[in-house]
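Which chain is which? They are A, B, C and D, in the order written, and residues in each are numbered from 1.
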Amino acid sequence: MDFAVIGGDMRTVRLAELLAARGNSVICFGLEGGESRALRHAGTLAEALEGAKNVVLPLPVGAGETLNAPLSASEISVRELTERIPRDARVLAGKPEGLFAQLAGRRGLAVTDYFAREELTVKNAAATAEGAVEILMRELPVTLLGAKILVIGFGRIGKLLSLRLRALGAEVTASARKCGDMAWIEALGLRPTDTGRLSGALAGYDAVVNTVPARILDETLLSQLDEGCLCLDLASKPGGIDFTAAQRLGVRAVWALALPGRVAPESSGEAILEAIENILREESGGTETVQPYEKNDFDII
Amino acid sequence: MDFAVIGGDMRTVRLAELLAARGNSVICFGLEGGESRALRHAGTLAEALEGAKNVVLPLPVGAGETLNAPLSASEISVRELTERIPRDARVLAGKPEGLFAQLAGRRGLAVTDYFAREELTVKNAAATAEGAVEILMRELPVTLLGAKILVIGFGRIGKLLSLRLRALGAEVTASARKCGDMAWIEALGLRPTDTGRLSGALAGYDAVVNTVPARILDETLLSQLDEGCLCLDLASKPGGIDFTAAQRLGVRAVWALALPGRVAPESSGEAILEAIENILREESGGTETVQPYEKNDFDII
Amino acid sequence: MDFAVIGGDMRTVRLAELLAARGNSVICFGLEGGESRALRHAGTLAEALEGAKNVVLPLPVGAGETLNAPLSASEISVRELTERIPRDARVLAGKPEGLFAQLAGRRGLAVTDYFAREELTVKNAAATAEGAVEILMRELPVTLLGAKILVIGFGRIGKLLSLRLRALGAEVTASARKCGDMAWIEALGLRPTDTGRLSGALAGYDAVVNTVPARILDETLLSQLDEGCLCLDLASKPGGIDFTAAQRLGVRAVWALALPGRVAPESSGEAILEAIENILREESGGTETVQPYEKNDFDII
Amino acid sequence: MDFAVIGGDMRTVRLAELLAARGNSVICFGLEGGESRALRHAGTLAEALEGAKNVVLPLPVGAGETLNAPLSASEISVRELTERIPRDARVLAGKPEGLFAQLAGRRGLAVTDYFAREELTVKNAAATAEGAVEILMRELPVTLLGAKILVIGFGRIGKLLSLRLRALGAEVTASARKCGDMAWIEALGLRPTDTGRLSGALAGYDAVVNTVPARILDETLLSQLDEGCLCLDLASKPGGIDFTAAQRLGVRAVWALALPGRVAPESSGEAILEAIENILREESGGTETVQPYEKNDFDII
């Protein structure tokens, strides 16, 4: 078998379908709940893994004793899994950590983290931005057209979300800390504000979206929001909003995690496929001649 | 005097006006040709520099014996300049190099290169992108609406130019080398192509814009362009187009250098002002608490 | 009382709040379910209407014996309503028809249809377009970024929806019948196709959105859609999709009616307020000097 | 000959080339200056017109004794022209008027005004909008990014220009008179203002662009503009700006006429071709079943 695909969610189903559609031999285990007519399922974990050249594991693999496999009829033991993966197989896993990482390391398996690929991170950011737009549309009693929205943080998600909101006619303020990011905010037609000086600058917004993985919106800041202002947190745990304080203050706060897989499983599966294909191509010597100059850009005088 | 502003072009004139408008005492030398009614001009270089707390020099300072001062009635000697700058003055210079850098170093002057500021580079990229749009509009016999345009390189200028062209209705393909940049190109709604594999993929374009400071468009590639396709080079010397080959082949090629100062001197002067203000604020202990997390963004699973 | 507001949904609640916030005396009946703290409710219909200068009725008023009043604790009789409205009151109603229109006409009431105002129609179209984007995001397993979407009809909704989808990175084809509309489609950076020649041109779409109030997507056309293609109908009854055929063919079809009030009640209430204010200003002689030339535009040679 | 193409500018050259490229037999007269290698030129007007099925005349034809033919080696007499056009030829002319219209009418020639086609007007508006963007970029010392611009009039050009300026990052205010147009302005994410109440509302703009063919910017209004504000007039004669007053007041004013042919002759030639093809198809019975419902849109409640 070219690929054994073990565990995962609808993204993994899509990924397995696409691998097969490209002419690879593919066998799955733990994806029965996906109800895909295009997939071939193994009866046992052992059958799925026997002789597999590549083993694809979910995103995230999960940190405990059982594999992340919400579509599986039964639990999949991480211990059995790492035992049964052929020693010479290439293992492609999303965010390998905890017990799995430990056992795989002990057995000397060649594990590559496809979640570390920049192209996947960017595509996930695009899907997250779109999911955030959907949530804002659903939760706000006003149209995004004309709404005043603050996006905190100007990393990948902050950039892509701000641009989408602006394109839909919202008045978007984006916050950052660094002078260079401030300039980017202005160069993209958005209003800049300083993440470090939000106190006193939070009135007038219909919604505030946090993208920074640090406790930004504490009780003091939350108490400065307009009545009815929606708080949306896109940051992973521990999150950027003090939800306890929000509840106490009557601030409506939504914490949206893992959006890519929830709002766009097919696109997300395709993005994982692309990351995996890039990994395999590069490992097999397919040259990706990265040259440094694009990073530094060049002088504009 | 708070500021002595010596040499430079219309950007410097605007910069000096803005410094004065903010309540600083400002004296100029070598900006007479700017015909600004708001500026105070010194009779001699010595008069301008005497007792100056801050000395602002042009972008670029220039590498030779004379200062870059196209608006000056007479030449300004770099040797005299470095002699007369007060030892305790803060010197703010754009891209200091060559003789100036050597002499200033020997005298122990405190020179800060404002051109090295990321916020200025980004704003210059925005102005360059806009200037490139203007040139394309002027040179092409077709509207950008519906035009097929290839932008080579996805650094700052490539990004900002591609977005503007798309917003005007062009069909934009952007090229990059890294997988992550490819993902950005797609996340922004553009078509990706590989900078390293342009050969055979150059047909059908109304214009090709290079932003990469390396010889990309050599004779082989130039010969693959459609008849009438315009080549615009935004890269600084030595440039990304083989202009000799272009002429031989009858390819219309334009090399646009130093666009920010030419197409938007006022905005460029404002951008320099902002960079200088940020430098002074940071040097005087004005905290810019740069924290690392926005660089790494956070996990989106 | 300046305004008696009778019946309606959350849009009407917002409208009543805004009328009061502008300094008018406002009394409501049939809006108890809206739970607005800012509103004053009358105990009986008679009390609400007595001496009212302006009477605001819902959108739509409703065609039968009872007023459209989903937030009311009890039914409101159209017969009693028309009896009790003061003869000299100005009545502002949304889409007055059926029994109400008949009785109001018989009593000689001065009824103005605020739904007939172009500004309200346009704002409703904007809210409908946004609601359609939300539905597409929710229902599609792919991101709108990169999705291929056909928008049938290029009236107000078609225009506003197509532009929003394009801004989000979708590949948008818009269909129309008239040459002028085709030119608009191209001028806005979209791909044109002929509404009258959709047969044979329906492959490859992730979603098809109908905005034309005529049976466009019949069994023949529905059978040509890609597997998994989503059909969204925004046309009012009888709708533009043959839903029976869609079910038979296994085509996923969604009929979204009355989106403005559902997705953005506050913005919709504000839009109704604006229409009502324009009506009152114009009726009181506030000049709206409409001049004809903007309709004809002018010559561009 | 299928087509005799007489007089005109570079748009006409492109039009003739495209007619030939589509397989028609085409002969030209008065286009020698266009230096097109693809065209066949007649030695005399008589030769060009003899037996021609369709005769294409310039845009505009011109009102006087000679045809509008800037690329012709010699003048072309309108009298001779109308004499020599075969009686059964279909004549396609741009804005036929004055002497030509009179003589053609007297001879009973079948003249169709292709300039009256909505699709051509819209495409010309798009080219005009793009030309206006180019002029603003060239003339303003600031970038359009961040510039404050007022567009007067929200007809075709006003719409397309406002959208392009907004897409480039300008803060765009658009003016109109009708409530419905105001709603369109907001629905497209722009700021509305009342064309009839510009007095007192003209401060703070970097540029004001007039698209209304009526004297809007008189001395009173011009005197209210900020120093340095650029006035751009896109309206045909007599124009919307009092240029004499502008000069007296020191207001920089630019009157840009006939932009489509000047900034994008090829695209404009293609647009004329499309209009002519539509005319011929419709006249030959090619049904364009225009149905009225898209005009009225449908109810959104």
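In this text, contacts are C-beta pairs under 8 Å (C-beta built on N, C-alpha and C of every residue); 3 or more make two chains touch, one makes a residue touch a chain.
Just so it is clear, the structure is predicted and the values come from calculations on it, not from any experiment.
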Most remote chain, CA-based centroid, reference being subunit C: B
Chain pair with the higher count of C-beta pairs in contact (C-D, B-D): C-D
For subunit C paired with subunit D, centre-to-centre distance based on mean C-alpha positions, whole Å: 35
Intercentroid distance (Cα basis), subunit D paired with subunit A, Å: 49
Junction residues of subunit B, two or more chains touched: 126, 145-146, 168, 186-188
Sites on subunit D touched by subunit A in the complex: 145-146, 168-169, 186-189
Interfacial residue positions of subunit C with respect to subunit A in the complex: 10, 14, 126-127, 130-131, 133-134, 137-138, 140-146, 164, 167-168, 263-267
Complex interface listing, subunit A residues touching subunit B: 59-60, 94-95, 115, 117-126, 128, 153-157, 160, 163, 176-184, 186-188, 196, 211-214, 235-236, 257-261, 271, 275, 278, 288-291, 293-295, 297-301
